[in-house]
Amino acid sequence: MTPLLSVDGLTLKTGDKTLVSDLSFSLGAGERMGLIGESGSGKSLTAMAVTGLLPKSIVPAGSILLDGQQVVGTLERTLNGLRGSSVAVVFQEPLTALDPLMKIGTQVAGPLGRRLAREGKSPPRREVDREVLQFLDHVALPQPERIANSYPHEISGGQRQRVAIAMALACKPKLLIADEPTTALDVTTQAEILKLLDSLVRELGMALLFISHDLPVVATVVDRVTVLRNGRAVEEGPVKAVFDQPRHDYTKTLVEAARSFDNALEGTA
Amino acid sequence: MSAADELTPAVVTAARKPRWSPTFTIGLILVGIHVAIALLTLFWTPYDPTSTTGGRLEPPSFIHWAGTDRLGRDFFTQIMIGSRIALIVGAGAVAIGAAIGVTIGLLAAFATRFLDDALAATLDILIAFPTLLLAMLVVAASEGASLWSAILALGIAMSAIVARLTRILAKRVLQNDYITASRTSGTSWPGVVVRHVLPNIWPTLSVNFALQFGIAVIAESSLSYLGLGAPPPNASWGRLLQEAQGTVYTAPIGAIAPGIALVTLVIGINLLADGLRDIGDPTRRISR
Amino acid sequence: MFSYVVRRLAILVLSLFIASLVLFVLLRLLPGDPANTLLSVGADPQQIEAAREQLGSNLPLGEQFVRFVGSLASFDLGNSFISRAPVADEIVARLTVTLPLTLLAFTLAIVIAVPFGIVSAVKADRWYGAAISTVSQLGIAIPVFWVGILLVTAFAVNIRVFPSGGFPSRGWHAPAEALRALTLPVLTLAIVMSASLLRYVRTATLDVLGSDYLRTARALGSTFTEALVRHGIRNGAVPVISILGIELASAFLGAVVVERVFTLPGLGSMLLLGIQQRDYPNVQGVLFVSTLLVLLVGFTADLAQRLIDPRLRDKAGAAS
Amino acid sequence: AENYDVDASIKIGSLYEPQNLDNIAGAGQGINEAFNSNVYEGLFRLTDAGSVEKVLASDYKVSDDGLTYTFTLQPNVKFHSGDPLTAKDVKFSIERVVGPDSKSSRKKSLEPITSIETPDDNTVVVKLSSRSISLPYNLSYVWIVNDAAKDLTSGEDGTGPYKLEDWRRGSTLSLKRSDSYWGEKPTNGEVVFNYFTDATALNNALLTGAVDVITGVQSPDSLAQFKDNAEFTVSEGKSTTKELFAFNDRVEPFNDVKVRKAIARAIDKKKLLNSIWGEYGTLIGSFVPPTDPWYVDLNGVDPYDVDSAKALLAEAGHADGFTFTLDTPNYDPHPIVAQFIKSELAKVGITVNINVITANEWYTKIYKAHDFQATLQEHVNHRDIVFYGNPDFYWGYNNPKVVDLIKSAETSTTTDEQTAKLTEANRTIAEDAASSWLYLYPQIVISKANVSGYPVNGLNSQFFAYGIKKSAD
Amino acid sequence: MTLLDVRDVTFGYGRQRQVLHGVSFAVKKGVSVGLVGESGSGKTTILRLLLGLTKPTGGTINFGGSVLDPSSRGFMRDYRRSVQAVFQDPYSSLDPRQKVRDIISEPLQSLRIPGAHGEAVAAALDAVGLPADAINRYPHEFSGGQRQRIAIARAIVARPQLVLADEAVSALDLSTRIRIVDLFKRLSENMTLVFVSHDLGVVASLCEEIIILERGHIVESGNTREILDAPQHPYTQKLLQSVPRMPR
């Protein structure tokens, strides 16, 4: 069976500068993979390349097969069909990812309506509204009606991030990409969101590409990781294997660092 | 792990040369030509600007490149002097607008909330005011209308806009942690302004000054066109255009040449401003 | 929202009062005597004194101001020193020229600037996007009156399709003629205004294009156009609306010049003439009315922004 | 154009919009243009040719001592409001002009009037304190208005061939033929004055057909399009407008006649006139235009001669020249004239500082306060040499001989005597170079070829519209 | 010896927004303190008070026996020499228009500290592990970790007794974070550190004492080890549970 996503020899350049080089990995349906690496290592660019939303100044080469469809060099129209149905993204910054001038309910209804249309259904407004509330409820937002009626600035960062997740979920994509979805949040909120994400992805049987620079965070939600450094994959494998026996020096320093903070907490330093 | 290996990536990405954009180059050339001409007129012009030796409204020729005016004076000489006037007007108005505007803007940025609110509201009212109309009034009425009254009026009209911009920029700078750091390093408020605020608001301000310069040049020419600007000994382009409007059939060059001179200068300045915006801040990084 | 409107109106009235005070003082500071205008070579000094008395321009300043504000409160702008006609009547008559001129030009400018501004931002990497942007640079650098002169030369003198100036004596009772008379002035003003407006639209569009919410919408399957329409218009409108307010004010300023170029009997020519003649009631009246209009436009722009942007609404609510 | 349209609407383009509608309330020259003999009539009228003819006065008698004038009024004259014209209206109208509220510049010339009597509805008797040979001429400026009229600044009640139809300030003033006019019926149905603020727009308006005739062409450059063009008629009339370079004769160095003469000789007026007016306009060498009876050509008194100018300056003790400020009104043509003077006088070592002022300031600073060294001004009036007989006038020329000549000319018994005296005065001021008279403006009227019958001289900026004919093309 | 003594300090932005409710704690010389709490709990506010940038609305702060009084110039001059700060965002805490030399020497100049400034700057750079030639460069030429080193160099150049750090490592990625934490650890041997962070792991590896803050109240404080091993307050427990761990 062909994997849901297979990235092969992906290279991203801007001018004569190479931002990501020769990156390959693949992800089967329902699989969960983490992309880790320090800031600027090309994680977000890779995610954008997968959705075909790279800035115009960045030129991709190589191949990205998503749900059987080539993404690199493909017409915008074809990609539009792919986005939302095969892949959906949750971005890092919850404040700016939502339209500040639109009520939450309306924003969630957007992707939801598109999915329903795709499925050939055209339910009445009331029906759509109800389903919006369901999704808000799904991401454990209290008082979904109030939230649906609010503007983004009226709810907290954690709540906004939940809304962003709800919007992505409303697409029922085969692959969910989460680009550092919790970096802007408090530890306690982060823990809640991670748990939520974990359970929802499982429940809906989606594949997950989880991006973060925070090893422990990645470890809590994925099965496999790819470690990026300066746009190159330096190591790849199951979470446990990579974190227990890192082979690459870079991975080693990352793991050591993470463990040292863990140890400090445990008092085993 | 030593600190040294941390140096590699960042330093490589950072060594970004200011981009010398074509816009900037074109702007620089246009403005440079005008500045050069203006400086030249201080020492030499093709003809004495007051000499009436030519014929009446001669067409352009090798002797008189842009022909002559009604009194037989060389028109090209007048246009050249126009460059000087325009540059003086622009620079003078910006200098006045900047001096008043930056001071008030900084005061507002540092003031207590109440005073700041009051100043901000006043500035808003002033900006809502048809300030240029008032400038017109002042010029129209000032005893012995002179170039300087036009410059002063334009400068004052400009200062409210500069003040508002300065206030916003300074407030933004003041939010940065380096200001707090500077305070905790024992630097006084005036020290903070000189060390941190001014250098950091300068790039944006200077772009704005360039734009205001262009606006002032246009405004002065409009005032002159309405007969409210620089009086006769000063060959302001606006006045040349106004005078030439009556002879547009017999000597069309008069209604065109000063206009082109004006437009090239203003475009040059605007392009320069755009270019400054692009390259002005060498510290700007591609992404953060 | 309601309390905001009330507060805003209070500020408006206050601004207007301050504005008229400034106007009043500024006008009296000007040298020159309105009585002079009524004289001609040959008049003798006693006549001049008589004229001053008749105008009330010999009263103490304070008294003049009290009179002025007092009559303002009863919507009376006084009578012209020179023509003796009620200022308000003349302003109303002249508004029938200036308002259509400004509003038509403004509308035309928006009609030009918005689509072209959006195209030049969305297609910034295509030649025509760059071309639009460059042409708008040119538009910003050209003084209004020169555009007027060039248009007259091209369309009125060379190919005589439009009148070079003036307004039909029957005004809007001859609508076709009146519109024809306004065509070139409106074009002149619109060309210059649309250039600067276009740049603001372009910037606002670029901001929207770089926004995360647009990226999010696209990442969740909306097409580029759909996302731009759904999210871009309102978000782009917020900064553009406040600029529109300022632009409308500058349109009025441009109208003064344009009315001069095309000899239109509008507020601008009334103002210029009033300044020349030191006809204080006229000048005061025009400036007062134009300040009122500008403030009202600003007020409307603020309200419109608040209606669109809930964040502004809440800020106001929290502060009050 | 004999086959003309009796109901035609004549559109007249002009630069002189009236400030208001009353010529004694400071309405400016525009009101004379629009209303004199069109809406209002006087007892007399100054014709376009420069003679004085009877209008509302059907006849008049002068007593032998010249101190009593008895006027008989034209019968059956009605005001536009329908009231009949009576002697009371005439008395009221004259008193208005000499009254305290009057801002008329003619007030002074009517000073000899001591009383006005109205023995019956048809007769007016005017008594004078001294002889005034110009009384009929001076009365041609006095509009006869209805004594019952209320608002004359924005309305009218005259006896003329036209009624005011509509006045849109800043734009147009329309006059409609009055059906109850006592005299000959106008040859058109309506005249509309279209006002412009600049000469170019005015020309364009004629060119594009927005107006039929323009009253005063301001520069020769626009004429190129109209001359040799069969669509238009260009007529050059005789003007009374003089461009004057006035010295303050009270102050150094202009109190020295040699300096004044030197300056007069240092300026190439021919070149100046050519610069401003091309081939149009006239040099007159004094203040009196050819349409005044006391005109003589005085160009020879101080001809252009730089060398003799220098010599005169040296004689006056200014061999190295001197510096003075020229207060220049900020409107055409003064600024450009000032620049010409500056460059001309530079050749004889005199430095001119040009100080640009507004028209308003001109009145305050120069006309009232006499606070100036030299200035530029255009003087539009007919027969205004009398100003040189007033030592308090702004230029401060004080020659007792001229004062006396001008005063006694007014009390002359015959016009010949008056003419002789004023001619003498004219010659004297020229010899004194009381001022420097730069040139006489041309008076150019342009119309569409199908329009005729308009006045071409425009004396005192009058523009009689009743004879204008427009052929039905 | 007690360096800082904070007593019943309350603070509010404006009348309604009470941010700190009677906060009391002490900082002893040589004992670094970690201040932990969620976003908005008042950590930065406490730091601003300690820096004398704002005045408490109630309570007092004592430094070396005298009351911290921001309006007293004489006191503040001495105080500034003793207390310096490092901030969270390495991008906004350095003036982009100043060279590293000017940035680091600013406290020396402003506090009129005598002696060769050049040497002091070089020593500070060396202490934070930056090459000596860094002084002629601008901040934007450095990575986030390096910038934070520059900020630390500025804080220590005048040899203060107390350094206050506000989320000084939160913006850095993991590998850089550990190195900066190591640097702080080394420095805290010579001076006292008050370290504000929401990251328990960082505080645990750096500070001997810990103060847990919840919405302007101190809910728990004391020896770090003891509290982490046996958190008493439910809030502390929740915090501790939320920290993601590496798989074992």
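Lettered A, B, C, D and E in written order, each chain numbered from 1.
As a working rule, a residue touches a chain if its C-beta (ideal position, glycine included) is under 8 Å from a C-beta of that chain, and two chains touch if they have at least 3 such contacts.
All figures in this text were calculated on a predicted structure; none of them were measured in a lab.
Colleague: Chains touching chain C and chain D alike, please list them.
Modeller: B
Colleague: Can you name the chain that lies farthest from chain C, using the mean of each chain's Cα atoms as its centre?
Modeller: E
Colleague: Going by the contact definition up top, give me the pair of chains with the most C-beta pairs touching.
Modeller: Among the chain pairs, C-D has the highest number of C-beta contacts.
Colleague: Looking at CA centres, what chain is most distant from chain A?
Modeller: Centre of mass proxy via C-alpha means gives D as farthest from chain A.
Colleague: With chain centres taken as the means of their Cα atoms, state the distance from chain B to chain E in Å.
Modeller: Going by mean C-alpha positions, chain B sits 45 Å from chain E.
Colleague: How many angstrom lie between the CA centroids of chain D and chain E, rounded to a whole number?
Modeller: 88
Colleague: Could you please state the distance in Å, as a whole number, between where the Cα atoms of chain C are centred and where those of chain E are centred?
Modeller: Chain centroid spacing, chain C to chain E, equals 54 Å.
Colleague: Which chain E residues sit where two or more other chains touch them?
Modeller: 144, 176
Colleague: So which bits of chain D are touching at least two other chains?
Modeller: Expected reply: 198, 358, 361.
Colleague: Specify, in ascending order, the residues of chain A that touch 2 or more different other chains.
Modeller: In chain A, the residues touching two or more other chains are 253.
Colleague: For the complex, give me every residue of chain D touching chain B.
Modeller: 198-200, 218-219, 221-222, 224-225, 271, 274-276, 278, 328, 330-332, 335-336, 338-340, 342-344, 346, 354-358, 361
Colleague: Flag every residue of chain E that touches chain A in the complex, lowest number first.
Modeller: Those in contact with chain A are residues 38-39, 144, 173-178, 198-202, 204-205, 225, 228-229, 238-247.
Colleague: Along chain E, where are the residues that touch chain B in the complex?
Modeller: 48, 51, 53, 76-77, 80-81, 83-85, 87-89, 91-98, 103, 106-107, 110-111, 128-131, 138-146, 149, 151, 154, 158, 176, 179
Colleague: Could you list, by residue number, the parts of chain B that touch chain C in their complex?
Modeller: 121, 125, 127-130, 132-134, 136-138, 140-143, 214, 218, 221-222, 225-226, 238, 241, 245, 248, 252, 255, 259, 262-263, 266-267, 270-271
Colleague: Can you name the residues of chain A that touch chain E in the complex?
Modeller: These residues of chain A touch chain E: 38-39, 157, 186-188, 190-191, 194, 213-217, 219-220, 239-240, 243-244, 250, 253-265, 267, 269.
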